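Only one structure is covered here, and it is reproduced in the block below.
When the chains are written out, they are named A, B, C and D in that same order, and each has its own residue count from 1.
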Amino acid sequence: MNENPLPSIIPEKDWKKIQRMLSKRSLWMIHFCTGCGAMEMPPTMTSRYDMERFGIIPMATPRQADLLLVTGYVAVKTLKRIVRVYEQMQDPKYVISFGSCPINGGLYWDSYNTIKRLDKYIPVDIYIAGCMPRPEAIMDGFLKLMKDIDEGRADGWLRYRKYYDKYKANQMRVFRRWDE
Amino acid sequence: MIDWINVLIQAGVTALYLFLAIVIGLLFLGIGRKVTARIHNRVGPPVYQNFIDVGKLLAKKTNIRHNWIFDFAPLFGLAGVLLTLAYLPMGGYRLLSGEGDLILLLYVMVIPALGFALGAGASSNPNAGVGVMRALTLMLSYEMPFLLVLLSIMILYNTASLDVLLSKQMHFAWAIAMLPLSALAADMALQGMMMEKPFDIPLAPHEIASGPMVEFGGKYLGMLMLYSAGSVIVETTLFVDLFLGGGVVLDPATYGILAYVVNYLVWFLLIFVVWLIALFINAVFPRFRIEQAFKFYWKWPTIIAAIGLVQAYIMSAFLGVMP
Amino acid sequence: MIAVHPVLLIAIPLFFAFLLPLIGLFSKKVLKYVVTGTIALNTIIALLVFREALNSPIFDILGGFKPPLGIVLMVGPLGGFIALIINMAGLIISIYGMEMKKEPLVKYYMLSLLLLMGANGMVLTGDLFNLFVFLEVTSIASYGLAAYNKDLKGFEGALKYVILGSIGSTFVLIGIALIYSQLRTLNMLDIATRLNEMDPYVKIVAFTSLFLGFGVEAEMFPLNTWVPETYDGAPHSVSAMFASMSAKAGIFALARVIFTIFAFTNYLWFVVIMGVLTVFFGEIIAYAQRDIKRMLAYSSIGQMGMILMGLGIGTTMAVEGAFFQMFSHAMAKALLFIAAGYMIYATQTEKMSEMKGIGRNPLIGIPLLIGILSILGMPPFIGFYGKFYILMGGFSEGYYAIIALFLAASLVEVAYYARFIKIAFEGGGKRYPSPKATVYIPLLLFAVIIVIFGVYPKPIFEILSHVTTFLTGGV
Amino acid sequence: MEINLLWGVFGIFVLLPLAGSILSYLGKKFAIYIGIIFALIPTIMLYPFYAQNISELINIGVNINLVFDTTTWFFMLMIDTVAFASFLFAISCVKKKPEGFASLMLLSLAGANGVLMSRDFLSLYIFWEMMSWSAYLLILRSSGEYARRYLLFGILSAYFIIMGIGIFYYYTGSFLFSDSAGIPLMGWFWILFFLVVGFAVKMAVVPLHVWAPYAYSSEPSFVSFFSGGLSKLGTFGILMGMYGIAGLSILQGFGTFRDVSLFGYPFALLGAFTAFIGTILAIFQDDLRKLLAYSSIGQLGYVMVGLGLGTPLAVSGALFHAFNHAFFKSLLFLGAGAVIYRTGKYKISEMGGLGYRMPFTFLFVLFAIFALAGIPITSGFISKWMLYEAAIEKKFVIIAPLMLIASVGAFLYSFRILYGVFLGQLDKPYENIKEAPLPMLVAMGILMLPLLIFSIFPGWILEWIDDIMKSTGVGTIDYNTYSYYSSIGGANMLVLWIAFMLVFIVAMLIFLMKKARKVDQYDNYLAGESPPYVQLHAAHNFYKPLRDTWAPLLKYSIDRAYEKLSRFFVEGFEEIKKIYTENPQDYAAYLGIAFLLFLFIGWWLL
């Protein structure tokens, strides 16, 4: 799992630190563009804010990615895909949710088809509030996440593993069938 | 009786060169990102970013695999690219290039690609299949001019051995001076060989989810990054060895160890230049479709390379230019 | 001292032919056994005669007059060989003939015995006029047999045969008359020795007449126009007889006209050209056929053209090849006609396209394949040697272009036989009745002969070594 | 003593299979096993007969000459081994009338061995035709149409050969190869032209290749023998014709271009075009067997190049390539056969993922494909290398690029096989498919071994080839146990292997540092979709973009040209048929015209 390649040379604590440092500095993200938040990604990527300087680059598939961006409201149908993508990512993996919709339903609070709290279904490491959050806020979120990783606080993937059954139960409560 | 100590020293030096090549390759990838970012008016990541990326990927906690054929990709990819590097003279050091020639090199270069393609195919993701199809089609496209170029060089210098080619270029003239058109065609082919824009069709992250790599993550992707770092060096060095005399400016026979150091530096400079050219084109171009790439390669670079071939043929067969 | 009189070969069939109606009065069932027994007897005699003739040519004088005045039977090794082939083929075909149901059976058996007798006579006789007589006997028996089915096709074929055959016979008669008018002799050897006494113009007219007359029987282009329809209309066993008996007798007569009587060496190239034209048109038109028997008939024309070519090339090798080809063609084509007979019987149609899967029964399929491969000239079947020797003889004379044309025509032959095999061995056909013993025994006998002499052709080549004397005007 | 030895050799390699042919036909149910025994004995007996040199003139009316030397041995080695492997394979897959299969296979094996032993045209032709028609009947077992096409071209080849033989006979009056003195140059030209073209049909060189895709679509266990073994007889024939009978000095007498005979050069060019066209057409096939057939055409084009160029390096490269091709192509056909046997399908787009269920078959096929594509860890590379260097060192600027680009094309179609059949998504119907039966695997394993061994020790095989080179007087090649050289380069396979092993260990170390979790094939990134079952194997019309770009050229087809030609001829035949009007009056008129014609000719001749 998390073994140290050279246990005799590198102490286990340092190895963990190295690992966290590496993860922090090289966040490859897959952005799941569900809502209006996707609009805010291009300025964040391009020359104005340039998130690549922190080593954050967009990736095409969850297999390669460490960071899942959920950029807006999550319909039930979309949630299914989000869960799948999340489960296809390799540990350690992190989730950032954008805007108020994944936090509390936001604009779609009384929709019959939209979930209100993403956290119930997959573990979210960072929420960026706002409707929509500006690129500055997004950058700030990224930095916060990096800090959290460095301090070992971004442990959503551990939570998901630990409470897998509960997460699954929550998910199944909104999905009628898993294979639709 | 084989001189075992000499062989061991050779092997050690070769290993060092291979290690350095991979390191330089990763550095180049980082430089590439930085340069591209600067062209895009961005800051860009630090040049050492790719070391971090590889480290992170190799240190990932979970890795998934599909089946045993899937494992061919990183294994053959990395082993093959190291083997290829071993057959390329780098900075005037011949490595194994005395034991095999250009044709061998051409085929050894296929091993990593084939291994990669096998692993990608085994992921049973349709995107991977499409990606490999594009990669192979692209290969058929750029090999046409590139083989003509190789042939012109082999005919003009009357050798298929890179080792001999380097010494002939050192004593006579760099091939870029003799065959400028072929060099042009080769550089065009190089763009496709390195899969830089406008020929990054096989990867095409936005169309086919990075194609063959779609299912690779963790250590698999890490090893594939090492492979792509190695192939950057393979491709640039191939161009430098073919046309720029491999960067050999001092004859090791007279200058000894100094020559190796100087040649290594010159070689580094030259591959850097070649890499930069590729990067500049990469940074400003959109992507071709695969048919367009095929048509392009079998049209202009091939015509240029054919003219170069005719030139080499005339020089060698009729004018008696004998380097 | 002659142990066996060659005349028996003629007399026995003649005797039994006219005995048959009498036997038929008592029992119709016994007829077929009588016929087969007769031909078997004849075959044995032919074998004895042939063994005799291998040592020295037999001259059997009839009627008490000495040659050149009297009638003489002249049996050389080659004549004996051809007679043996004819009788052997006749025997095996007569086994198939036992199956014959259609009345009047007596006439059928009678005519087939007469055909055998005529063919034997044509081969054995040493007398030009007798040759004509036997030609007429053969022809008339053939006319009768050709129309035996009593249907429109049979009548039409027979009618055409009658017209062309009688014109041909007339030409033969004219040729004989011309020779007789000049030389006052009809004995072949006598004519050959005294040929120079003839007026050259008369000689050429005589030769042309004989060449043309026998050409009709030997299926030479363009005199072979009767062949397809007659073969098509006749009963299957009769087609086999035509291909393996009367055609062989005709071509042997032609060979004797060319070599024994006239020894026209400067005319030979024309024979080669006629031969290659015969092959060419025969094979090409065979390709365009849809009916199996017509295809086989045209293929037969092609094969006869090949023999003619071999004779025309005129070197020892080529003529050996030609004689070998007579043998192989007699065997293979009789086999194919019998097989075709079964197929038509089993499928109730002559259309090849409706014979799907007919060859999948090994009793039919294997002999069929052997026969076709032999006709195509594949080693180690007998068809190979004849073709190869004719070709090599042609090459040694430098007939490159003609051989190229011939090979092109052979390719067409391959094409239509392969087309037929394709249909015959295709899956998914109906279930066909399995062949009776009277069908597969002759087929297997022919196949065995084809294979045995294909693998071990030495005896045949020893016989054919007598070709040298034949070429120089000997018997 | 000598004659006894010869009869011993002839008995073992020709008569024994012939006897086996009859025996196995009688053997009915056990036919295949009898066939295996009779194919195995010649294969094993090759070992004691290595480096024997037996030659005997026999008079059977004409002189014939039967010889057993290194050339014979070398070709027998591949043909007999391939035949044995094919028989082994047939145990499990030939269920329909096995006696016919076994006896015909042995017959064609006997014919092939006979061709290899004969050094005169008569026996050569007899054995050649024997081999040819037994192959025809074997194809007939699966399809009459395919058999028809094969037979037409087989006979065409035989007729070309017979033209060559005839002209040879015209000049020498003998069938012996050794009696070739005193033929003028023009005669040599036609003899060699007809012989080479005739034998080239068997090698399926391009304008004469159209039979191959069909013939190679019949029973896999036979096709592997056919493509791997029998097509090498074409190579043997051309080698014998150009270098055995005529010899280098006569070839050079036609004029030379860079030390290469002007007679051989066009054939080399034809070979290069064959390699190119065969490869391009192979890329676009969807039928597995047709793909392999076109690939076979392309690969034999390389052999043709080597035989045409005629330098020692080229000819030995051609022989080596023929050897490799015998093994890898029969291995591929057997692999295809195993897959077809298990799935019942033969379209690549209908398979997929079988490599996970048939791992050994996959590995064997993979290795064969390495050899086909010329990956240096197989011996397939060495022969290609020799052919390239032979063309490059003589500076042939048309042949060399065509060969090289064709070999790049080979990667395309070989990946098509690998991906389409063995990789990708395992479809539902094949979920429970089993590995190929043991005899099939053993057969494939036998065929794989030489490819592996000779890649490490190319010197062993080059020694045999060098013997052949010496006996035909082409020259010598420069090699030692592990390496081989041309005038412009060389390669050492031992170094390559050691280096490959070392770097592979390095890669392995990095790879093994962490464990990986295995996931299901449906756990796959499809943009978040993960339906339980969808057929998502991207193998249908795989190279569509390439096909689109080639479309303007692909619309010209040699196949269709032949069909047009044949239609033209058949229509012509129908016209000619009208001569036979079925009207007796016309017929009588013909008679009269013929009489007049004959008469005129007669008068004229007087």
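Throughout what follows, a residue touches a chain if its C-beta (ideal position, glycine included) is under 8 Å from a C-beta of that chain, and two chains touch if they have at least 3 such contacts.
Since the structure is predicted, the reported quantities are computational estimates derived from the model, not experimental observations.
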item	value
Remotest chain, chain A as reference, centres from CA atoms	C
Middle chain, criterion being Cα centroid separation	D
Between chain C and chain A, distance of the C-alpha-averaged centres to the nearest whole Å	95
Centroid spacing, where centroids are CA-atom means, of chain A and chain D in whole angstrom	58
Chain centre separation in whole Å, for chain D relative to chain C (CA means)	43
Chain B and chain C: spacing of chain centres that average the CA atoms, whole Å	77
Where chain D touches two or more other chains at once, by residue number	513-515, 523, 525, 527
Sites on chain C at which at least two other chains make contact	none
Chain B, residues touching no fewer than two other chains	60, 62-64, 209, 214-215, 218
Which pairs of chains touch, using the document's own definition	A-B, A-D, B-D, C-D
Residues on chain A engaged by chain D in the complex (per definition of touch)	1, 3, 5, 32, 61-63, 81-82, 84-85, 88, 179
Chain C partner contacts - residues on chain D that touch it in the complex	60-61, 125-126, 129-130, 132-133, 137, 140, 144-145, 147-148, 151-152, 155-156, 159, 162-163, 165-167, 169-170, 173, 569-570, 572-574, 576-577, 579-580, 582, 584, 586-588, 590-591, 593-595, 598-599, 601-603, 605-606
Partner chain B, residues of chain A touching it in the complex	1-2, 18-19, 22-23, 25-26, 28, 46-47, 50, 52-55, 58-64, 66, 89-92
Residues of chain D touching chain B in the complex	353, 355-356, 359, 362, 366, 373-377, 381, 384-385, 388-389, 392-393, 395, 397, 400-401, 404-405, 408-409, 411-412, 415, 418-419, 422-426, 483, 486, 488-492, 495-496, 499-500, 502-504, 506-508, 510-511, 513-519, 521, 523-527, 536-539, 542-543, 545-546, 548-549
Chain A-facing residues of chain B, complex	33, 37, 40-46, 49, 52-53, 55-56, 59-64, 205-206, 209-210, 213-218, 221
